[in-house]
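What follows is a set of structures for review.
Across the two complexes that follow, chain A remains constant while its partner is chain B and subsequently chain C.
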Partner chain A sequence: MLDLWFDYKDLWLSGLKVTASLTLLAILLGFVLALPIGVARARNRGLSGVLAYGYVIFFRGMPLLVLLFLVYYGAGEFSRDLRSLGLWWFFRDAYYCGLLALVLNTAAYQAEIIRGSLNGIPSSIREANAALNLTRWTAFRRVLFPIAIARALPGLGNEFILLLKATSLLAIITIFDLMGQARFIFSETFDLRAYYVAALHYLVLVLVLEWLLRRIERRNAWAA
Partner chain B sequence: MTAFAPFKLPCAVFLTASLALPAAAETLRIGTEGAYAPFNFVTEDGSLKGFDVDIGNALCMQMQVECEWSTHEWGGIIPALNAKKFDVMVASMAITEKRQEKVRFSSPYYFNAMRFAALKELELDTATPASLEGMVIGTQSGSVAVTVLQEYFPENEIKLYPKLGEALLDMESGRLDLVLESKFSIGDWMADGTDCCAFVGEDFLMDGTIGAGIAMRLEDEKLQTRIDDALAAIIANGTYDDIRAKYFGFDIRSQPRMVSDLFEG
Partner chain C sequence: MELLSLLTPGPTGWGDELLIGLSMTLGLALATFPVSIMLSFLIHWARSSRRRPLRYLAQMHVSIFKSLPEILTLLIIYYQSQVVISWVADYAGLDSTLSISPFLAGLIALSLVISAYGSEVVRGALQAIGKGQVEAAQALGLSRFHCFWKVVLPQFWRHALPGLGNLWVILLKDTSLVSVIALSDLTHVAALAINTTREPFFFYLVIAAIYISLVIFSSWIQKRLERRAARGFVAGGRAHA
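Up next is the complex of A and B:
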C-alpha cells in the first residue's frame, strides 16, 4: 500500500490539505452560524425562536448530498441571474459551493447541541446570577456561555468528526479532496487499495481531531 | 429465530423459482452504465435503451441466450465485472492497454472518437494547446479523454465528473469552458436543444485505443470467442447496420485520426 502512496504522493498530500481546510473552515463558520441559532432555540420565544426552529427543521431534514446538488447544480441553473447579482464568482467555484453546503448543514446540528447544553444548565445557576445582580448580557457571557460550551464539547466533537467524514461527499462535485484523489487514482490504476489509502488518511485526520478536542475538553473541564 | 420464521417460506419459493429459470435458456448477464446517451441510457419509464443495448440484445439473439441487463457506476464498472456482478460489459468502453490488464475485450464494435465542445461565446475556431490556454476543461472521470488531457493539455485546469451529463451541465452554466468526450454523446446532447455550445476542432482517437470493445473477465476465453463470432455474424447478416442506422446516419466502424497525429504531426 505504501507504493501506492509514494507513487501519488503529491496528489495524496494535496487531497489531505483540501479535506483538512474544508473541515476546519466548515467547523468554524458553522459554529459562528450555530451560536445565535442555538441561543434562539434555547430561548424559544418570539420571531427568532420560530426562525431558528425553521432553520433546524429545514437543514436537518435534508440529506447533505441533496443539499450539495441543490447548491452546486441549482446555482448553475441560475448562473445568468447570479452573474448579474455579482455572486457568480462564489457559486462558480465548486470549493465555495461545497463549503456553503457543509456550513449550512453542520450549523443546524451544532445549534441543537448548543440548545441542549444551554437548557441543561441548572436553574440554581440562573438564580445565583440574579442574586449577584448580573445583567443578562454579563450573565450570559461570563457564566452561562462558558458552562454551555464546556458541556456541549463532547457532542460538538462528535459532530465535528461526522463533518470531517461528510466532506468526502464533495468529491462528486469535482473537488479533489482525499476522496476525489482516491477516485482519480483508482480510475488510473483500477487498484482498489486506493480507497484503503484514503481510509487511512481519514483515520489519521480523525485521530488528530480527537486529540485536539480532548485537549480543549480538559482545559474546560472545570466549567462543566 | 421464531420471529423470522414466517419469512422463510416465501423466500424459499422465490429461490426455487429463480433457480428454475436458467434451465429454460442460458442467461447472459450484461452490465452497462446507463448514463451515456445515445449508447446506453435509462429512459423516463426506467427502461434501458441505446445503441449498446440493441447490440447486446442482438448478440444474445444470435447466441440464443437470454439477456439480463444491469447498470453500474462508470467508476466502479470494471471491479463490478471482476466481482461477477455481471459477465459481459457492453458499455462503449474504449480498448486500452491498461484496461486489458484487468479485463478481456472482444474485437472492436465501433470507433468512439472524441471531440472538444466549447461555449459559443468563446468564439473558438481551433482546439489546440495554444488556443485553449487558461481555459477550464471538463470530462468524465475514468474516461480515455482524461489521459489525452493530461498528456496534451497539462497546463489547463481539468475538472472530472462522475457522469458525462454533469460535465455538460457545468459547461452550459459557464463553470467549464470546454468538454472533451465522445462526439456522439456530446452531439446527442446538443441535438436535445441546448444552443450554448458548439464543437471545435477535429475529432480524434487516443493513441493505443483500438475502438470500443465488449469486455469480459480475463479468464473467460471461450466466452470471448462466442461473442466475437456472434458480433461477426450480426455484422455479416446486416443486423448491425440496421441498429446503427437507428442512431447514426453514417458509418461508425471506420477509424478516425489519432490524437498524436493531430497535436504532434
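Up next is the complex of A and C:
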C-alpha cells in the first residue's frame, strides 16, 4: 500500500490540502452562521424563533448529498439570473458550491448544539447577571457566551469530525479532495488499494483530531 | 403548474418512479435497521467481554467505522466484495459472473457504520438500567437468556429510544449514498428524472421535501414510542408509579 502512496504522493498531498481547507473553512463559516440561529433557537420567541426552527428542520432533514446537488446542479438552472446578479463566478465553481452546502448543513447542526448549551446554563447565573445590573448585551458577551461555548465544545468537536467525513461527498461533484483523488487513482489503475489508502488518511486524521479535542476539553472542564 | 404535472404518475410524469424510489429508500433503511441493532448488541458484548482479543476487535470496529466516511465504506464494501466473490467463485469452479447487488452492499456497509454508533447507544442504555436488575434476576435463578429477554430488554427500550431514533434518522439520510452505486433509490430516481426533464432545482427540492417529511414523521413516531416505553413511570422520576 505504501508504494501506491509514494507513486501518487503529489495527488494525495493535494487531496489532503483540499480536505483540510474545506473542513476548516466550513466549520468556521458554519459557526458564524450558527451563532445567531442558535441564539434565536434558545430564545424561541417571535419571528426569529420560527425562522431559526424552520432553518434547522430544513437543513437537518435532508441528506447532505441532496443539498449538494440542489446547490450545484440547481444553480445551473438559474445561470442567467445569477450572471446578471454577478454571482455566477461563485456558483460556477464546484468548490464554492460544495463549501456553501457544507456550511448550510453544519450551521444547522451547530445551531442545535449552541441552543443546547445556552439552555443548559443554570438560571442562577442569569439571576446573578440581573443582580449585577448587567445589560443584556454585556451579560451575553461576558458571561453567557463564554460559558455556552465552553459547554458546547465536546458537541462542536464531534461536529468537526462528522464534517471532516462529510467533505468526502464533494468528490461526487468533481472536487479532488482525498476521496476525489482516490476515485481518480482507482480509475487510472483499477487498484482497489487506492480506497484503502484514502481510508488510512481519514483514520489518522480522525484519531489525531480526537486526541486534540480531548486535550482542549480537559482545559475547559470548569464549565461542565 | 407545468412543473407540478411532472409529478403525476404515468408515462409523462415521474410520480410513479419517485414512489418506487421512495419504497427502495424505505426498504433499505427498514432492512438495515434491525441488522444494525443486533450487530450493536454483539459489538457491545464483545467490547465488555472477558477475552482480550474479542475486546480489541470490537474496539477496532468502532474506531474504524466511526472514522471512515460512509461513502468510502460503501465503495470499499461494494468493490471489495465483487473481488472476493469472483475469487471464491473461481476457486469453487462456479459461474464467475456472480456479483453483489447494490442493495446488499448498501445493507452491509450501512449496518457496519450504524452499529459502530449503535454500540454506544446500547452501552449507555444498559448502564442506565443498572447491574442490580441483572443481579436480582440471577438471584431468582433465571437463565442468562431469560434474564436478558424478560428483565433487561423490556427496560432497555425506555433508555435506548432517543439514541436509536437519532440513528434511524442518520440511517434514513445515509441511504441516499447508495445512489452512487446505482441503486435506484429516491436520490437516484431524481437524477434520472433530471436527465430527461432538465429541471434539477425542482426535482431535488421535491426529494428534499420527501426526506424532510420522513424525518418529521419519524420523530413523531419516536415520541409516541417513547411515551409507550415510559408507561408506568412517573415523569422525571425513577420511582415506579
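Keep in mind that, in the parts below, the second predicted complex is superposed on the first by the 219 of 224 C-alpha atoms of A that agree within 3 Å, B and C clash if a C-alpha of one lies under 4 Å from a C-alpha of the other, contacts with A are read in each partner's own complex, and residues count from 1 in each chain.
To be clear about the criterion, a contact is a pair of C-beta atoms (placed from the backbone, for glycine too) under 8 Å apart; a residue touches a chain by one contact, two chains touch by 3 or more.
On a predicted model such as this, the values are computed, not experimentally measured, just so you know.
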Touching partner for A:L192 - first (chain B), second (chain C), both, neither: both
First (chain B), second (chain C), both or neither touched by A:L203: second
First, second, both or neither for A:L169, with chain B first and chain C second: second
Which of chain B and chain C A:E77 touches, first, second, both or neither: both
First (chain B), second (chain C), both or neither touched by A:Y95: neither
Superposition-derived comparison: chain B or chain C, residues of chain A touched: C
Partner chain(s) touched by A:F184 [first = chain B, second = chain C, both, neither]: first
First, second, both or neither for A:Y53, with chain B first and chain C second: neither
Partner chain(s) touched by A:G61 [first = chain B, second = chain C, both, neither]: second
Shared chain A surface residues [contacts with chain B and with chain C]: 73, 75-77, 172, 192
Chain C contact footprint on chain A (complex, rising order): 57-58, 60-67, 69-70, 73-78, 161, 165-166, 168-169, 171-172, 179, 182, 192, 195-196, 198-199, 202-203, 205-207
Of all residues in chain A, those that touch chain B in their complex: 73, 75-77, 79, 83, 88, 92, 94, 172, 174, 180, 183-184, 186-187, 190, 192
Residue numbers on chain B that touch chain A, as the complex places them: 75, 78-79, 98-99, 101-102, 138, 141-142, 146, 159-162, 166, 169-170, 172-175
Chain A-touching residues of chain C, taken from the complex the two chains share: 63-64, 66-72, 75-76, 79-80, 83, 173-174, 176-177, 179-180, 187, 190-191, 194, 198-201, 204-205, 207-208, 211-212, 215-216
